[in-house]
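The structure follows.
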Amino acid sequence: MSLKSVATALAHYTAPFRRVRGSSLGRLVVLVLGLLAMTALTIPDSAKSASGWLIGCLWFCFAYFAVEGASRLRSALQAQNAAAYLLSASGLVDLLAVLPVPIALACGVSQPTAWLFACLWILKLAQNSPSFAQLGRVFVLEAKPLASVLTLSLMILFLTSGAMYVLERDQQPVAFGTLPDALWWAVVTLTTTGYGDKIPITYLGHLLGAFVMVCGIATFGLWTGILAAGFAAESRRRNFIQTWDLVSKVPFFQSLDQAAIADITHRLRRIEVPANTAIIRRGKVGDCMYFIAEGEVQVDVRPQPVHLAAGAFFGELALLGDSIRTANVVTTRPATLLILDLADFRTFMAQHPDLARVIESEARRRVSENERLRKIHELERPGRASPM
Amino acid sequence: MSLKSVATALAHYTAPFRRVRGSSLGRLVVLVLGLLAMTALTIPDSAKSASGWLIGCLWFCFAYFAVEGASRLRSALQAQNAAAYLLSASGLVDLLAVLPVPIALACGVSQPTAWLFACLWILKLAQNSPSFAQLGRVFVLEAKPLASVLTLSLMILFLTSGAMYVLERDQQPVAFGTLPDALWWAVVTLTTTGYGDKIPITYLGHLLGAFVMVCGIATFGLWTGILAAGFAAESRRRNFIQTWDLVSKVPFFQSLDQAAIADITHRLRRIEVPANTAIIRRGKVGDCMYFIAEGEVQVDVRPQPVHLAAGAFFGELALLGDSIRTANVVTTRPATLLILDLADFRTFMAQHPDLARVIESEARRRVSENERLRKIHELERPGRASPM
Amino acid sequence: MSLKSVATALAHYTAPFRRVRGSSLGRLVVLVLGLLAMTALTIPDSAKSASGWLIGCLWFCFAYFAVEGASRLRSALQAQNAAAYLLSASGLVDLLAVLPVPIALACGVSQPTAWLFACLWILKLAQNSPSFAQLGRVFVLEAKPLASVLTLSLMILFLTSGAMYVLERDQQPVAFGTLPDALWWAVVTLTTTGYGDKIPITYLGHLLGAFVMVCGIATFGLWTGILAAGFAAESRRRNFIQTWDLVSKVPFFQSLDQAAIADITHRLRRIEVPANTAIIRRGKVGDCMYFIAEGEVQVDVRPQPVHLAAGAFFGELALLGDSIRTANVVTTRPATLLILDLADFRTFMAQHPDLARVIESEARRRVSENERLRKIHELERPGRASPM
Amino acid sequence: MSLKSVATALAHYTAPFRRVRGSSLGRLVVLVLGLLAMTALTIPDSAKSASGWLIGCLWFCFAYFAVEGASRLRSALQAQNAAAYLLSASGLVDLLAVLPVPIALACGVSQPTAWLFACLWILKLAQNSPSFAQLGRVFVLEAKPLASVLTLSLMILFLTSGAMYVLERDQQPVAFGTLPDALWWAVVTLTTTGYGDKIPITYLGHLLGAFVMVCGIATFGLWTGILAAGFAAESRRRNFIQTWDLVSKVPFFQSLDQAAIADITHRLRRIEVPANTAIIRRGKVGDCMYFIAEGEVQVDVRPQPVHLAAGAFFGELALLGDSIRTANVVTTRPATLLILDLADFRTFMAQHPDLARVIESEARRRVSENERLRKIHELERPGRASPM
């Protein structure tokens, strides 16, 4: 039993990593390898001693990305939308990963400099990522107020750097001798970066500097406030869209009318779990129940575990009475679960007493069934105590 | 077909820029030109070699803004509210753009210094911008808590700089020799700018410095929190006001009572689209439907495209069943659209089953009409396969 | 008419300052004077030339605050709660403003050093400020998660400074020679202040430094997120409490039941306006209506202005049909107004059609009354055109 | 009476500290002592003069944590889940606190260096803290968007450092001579830390640097926005779960149906108060009422105080009519209270008029009972005035 619990714990800790599929893992390794080799090539010591190895490594990564891009282009050609592919974000990334290095080498640029274009490979991280689309949407939806904040920053930059130039140019002709110098100071100060290469020294300069710093915090706060409001709305919207289809796959919800389905969709949260991962652990405090949208789980009750398939629910006992989980639940296959929190469970069930009754009767049935089976089991093996 | 899709993709990427009208584009060019010339004039090298050109350029921009301001003043005079105009924000910006440079030159200030007042031209960016009004409103509505945070910062500044002056003045008589020195350190530290020109070196000084930095983050967090809360409320309010009038122009919503109209207005999102821009692209996943408040769109269905004018809706098919878009939709004229997201569509339609029925019957009608037309079309041209 | 509009505009711009009452303005002047004198005393030049004047000035401010504190103590003594006053925040501020300087002088501390305790006068800014109580409440309510973030920061600080000390002590024995040195570096980096006095130079040190910076942004984001959530809740709560009493003073709302009053209280926003301030300006776009909770306003309609007292409402015309304001509205006495935004007006009126009817009939009555009066007026003065 | 009010005020100010129980206070003292000794050991001066004392102190702290860990391990062994304990977060912290130092000493590492592992003791702060679990949940729930922001930052880092390396390597071969140098600059700038050890000096470098700083603020804003949205949701959820059980203990709410209980649970706020702490102070403005979930309070009414036990409510008078508190309320034992704010009181009572009636009749009963008792009391002691 001790070995098994160690295995379960290890499975629990490694769950996030097992989600990454093999193909994308290989791709990630190639990407990291390529970027490391490219970085090492710019260090004189390593470039001198291992130049051949590094360039070989880079050519290997280049070949990998070239093949990947070519295969994507071929399937686009077969589907007769090559132009659309090349002009899409994904096609652009593939082009930028493959074209610049050979072009630079062909133009006679030296090896280490030409391979700097391998920096562009980092764009591969963004390819096919739905979360990036989500971030982008927030920026698009909030474009107008964000543009206003940028404009406001620009106005503060120009006006304060003009004033600072007048105040400090006679005292510090090197640091504030031209307006671009003062602009650089203003950018560094307004973003509260504060390199310290240009610092006002007059009293008025100090006052103006303090004003710029406070303005920096204010515009920063506005910027964050806009993004926070936008992100909260976008996050709600995305969750609804992802959950909606799954809800229709759970038979339990099919008796609900449209309004109640829309309501429960807002309340449910979707998670994807790899195989052999513990969802519920006995003895922990439970504050949510689960609906299985896809996959299968195994409930470790005595005498023998029960398997639940898509459409079933579990974990409801903790919400109905005692809040301590009474059994481990582990996925046997990759599963998609819908989580209903205690707060939403209470509220929703209060509005739909018929569903509450279904859950309660099912819970009672399970408890009694489990009790019955255990008694049979104990009768069959009378010689052994059954610690629960 | 390949060329056409390239054109569509280009039109898609350039859409945001085509929204800028010609007149404001010209104005922007003049503004950028003026600011660049003014900046270049402060650099000794360029000022020596191209002084004449730069000053000529500045006079041209000056003339542009003078004419602009004069024409606005004339129309204000004709409307007999010249005083109101001059005291308004817009009038003030016009005055600040035109008056300071000639006054400075008349007072005998040297050319390069006098032209520094051209910095004020950047204020032109804020003129006539509704988003600035929105930012300003947030500051006004949240004035009291923001003032409290500023006061709190001021208190921290004074108390900590007094303490730091006592702690460090003997160790570092140059850096912390006077209270204004310590105040400058406190401002630079509290805003987490951290120039590094004045740094405590005693143990107690380090402790106090750490305290000031943590205070800086705390006040910063408060500031951001206040602005985030204020901006979210203001943003909701503004969206409602802009959308309300448009909703009344869509016949589809006219059967709703007042409460339902207020509800749907909260849910709709308004976008303005220039002509010849793709709204929907075939094959993409759809998660919203559109109502046309103003303008016209063209749906590229076979055998011939359908035109939809103000008051019509489209994109509803993706919300009713299959979520893949079945046709491209492109604007033929600048249009204002109202977007209803999937989440809100489901919720709203569940509460208004009659509207849901209207949308569904219209969707069915369109599908069958389209089917019928395509069959006729295929009968007419039997010799050619029709790839869909 | 031009002079009058200038006066109105000036009244508009100066409104926020006229809110400050005379007594608190005088107090503010004394405070600023005292702090300036105290600051000047630490500058060797000014201390040498004007020492007498500065110390005289400081004694004057000291006397002012001493009298103020004494009068407060006397009234507390009369009310027999002197102990409660001295232990309250306000009493503590009064004690800290008066006691330290004489005690320091009595202990033989030199004049300029003793007067540094005048820094404590800045605490007077917080005395009697309700907004500070609000900020304090947010910190108290969110104390647990904020403490967790502080603990998290502390853990990051100790672990990373220990690691950095090991990594860099051999390379930079001066900068990272002791653990307190490394801790100072960690604080400066985690808060993203970045003085630049201690900078890692090894590769591993750079990696660890980058990790600390990213942790700094993460903990900062958590901190801001907690305060933003807490402030939004507190702000809603405070607005309700302030508005509730005023709502009951407006007869218009007295027909509502408790639930509807609680609803409208959440929607209304309270503002305080000094006398002779323009609330509505003719020709502007209107997006809200006003209820007068206290004070009086004057509506500038022809032929003679109408006065509206507490309990009346105005600005409703812009919400019912045309959105352009048709008359100026100016306060004649300091007034407290309740603002109902367009969005909330629509939603609330849809739920309470009887109130909507009251507002509409009142609006119709006003328009016709105004029309009737103007006709009489024009009949009486037939020789003069009436521009509206 | 003066002494008593001083005692009350002191009890009020020390309330937060009295919440910490004795055992955890002792643990905190040991932790602080150990960390201080470990820090002092790295300072050459103190290490030379007091080395023996410091190491003795460290061994004492080590023994304390070893005993603590051992006792936890023993109870885990008794419960037959030792493996689960050792692999849990708490077990890991115990292992890290005890194992590294002896292992390092056994491996021949010098005393001061081996004791650096005592840094790990700071992890003890996180042990058994529910708030940390809450912070962790926010990170887990928002993992996808946070990962996107990190990826975005990584992309900006690589692309800009590559570009900066090209731009500056010829001008500043020492500062920007290798790509890792440029990467370090990019991290320091993107997080707006700004040490100032590497600063671009070319015009294009300045432009790129400004771009990186603005990107830093943008990604920072996104990060904060995501955490703010996640924290607000998690905070609501946690409050519900904590309050739900307590609500069922208050008889007053037992007549409510499930939906109303879910509703009031969202509105109530839970606080824990140590014994002898003032909850309400006479003469203050009241804006909430209290339900006692656990513990006991004493209401200081004349002629003799009233004791209220779990299930009772108080403070309702201030919400019904006059908002000034009429009596002090002090806890006599540690209590858990549920707070209902004025805003929620009004809204909830409007929806549940029967509960409003219960509260009002109880309030009337208390006032008349109190009045009756005071009259009897005054009749009994006619010779003394009774100041209220």
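A, B, C and D are the chain letters, set down in written order, and residue numbers restart from 1 in every chain.
Keep this in mind: contacts are C-beta pairs under 8 Å (C-beta built on N, C-alpha and C of every residue); 3 or more make two chains touch, one makes a residue touch a chain.
Bear in mind that the values here come from a model prediction, so they are computed numbers and not experimental data.
Novice: From the C-alpha centres, identify the chain that is farthest from chain B.
Specialist: When every chain centre is compared against chain B, the largest gap points to D.
Novice: Of the pairs B-D, A-C or A-D, which has an interface that repeats that of A-B (more than half of the contact pairs shared)?
Specialist: Copy of the A-B interface among the listed pairs: A-D.
Novice: With centres defined as the mean C-alpha position, give me the chain A-chain C separation in Å.
Specialist: 38
Novice: Just give me the whole-number Å value for how far the CA centre of chain C lies from that of chain D.
Specialist: 27
Novice: Enumerate the residues of chain B that touch no fewer than two other chains.
Specialist: In chain B, the residues touching two or more other chains are 180, 192-196, 220, 224-226, 228-229, 232.
Novice: How about chain D: which of its residues touch chain C in the complex?
Specialist: 2, 5-6, 9-10, 35, 38-39, 42-44, 113, 116, 119-120, 122-123, 125-126, 129, 131-132, 134-135, 138, 150, 180, 184, 187-188, 191-197, 220, 223-224, 226-232, 235, 269, 287, 341-343, 346-347, 349-351, 353, 356
Novice: Which bits of chain C are touching chain D when the two form their complex?
Specialist: Within the complex, chain C contacts chain D at residues 81-84, 87-88, 141, 144-145, 147-149, 151-152, 154-155, 158-159, 161-162, 165-166, 177-180, 183, 189, 192-196, 199, 203, 206, 209-210, 213-214, 216-218, 220-222, 224-226, 228-229, 232, 236-237, 240-241, 244, 257-263, 265-266.
Novice: In their complex, what parts of chain A are in touch with chain C?
Specialist: Interface residues on chain A, with respect to chain C: 192-196, 224-225, 228.
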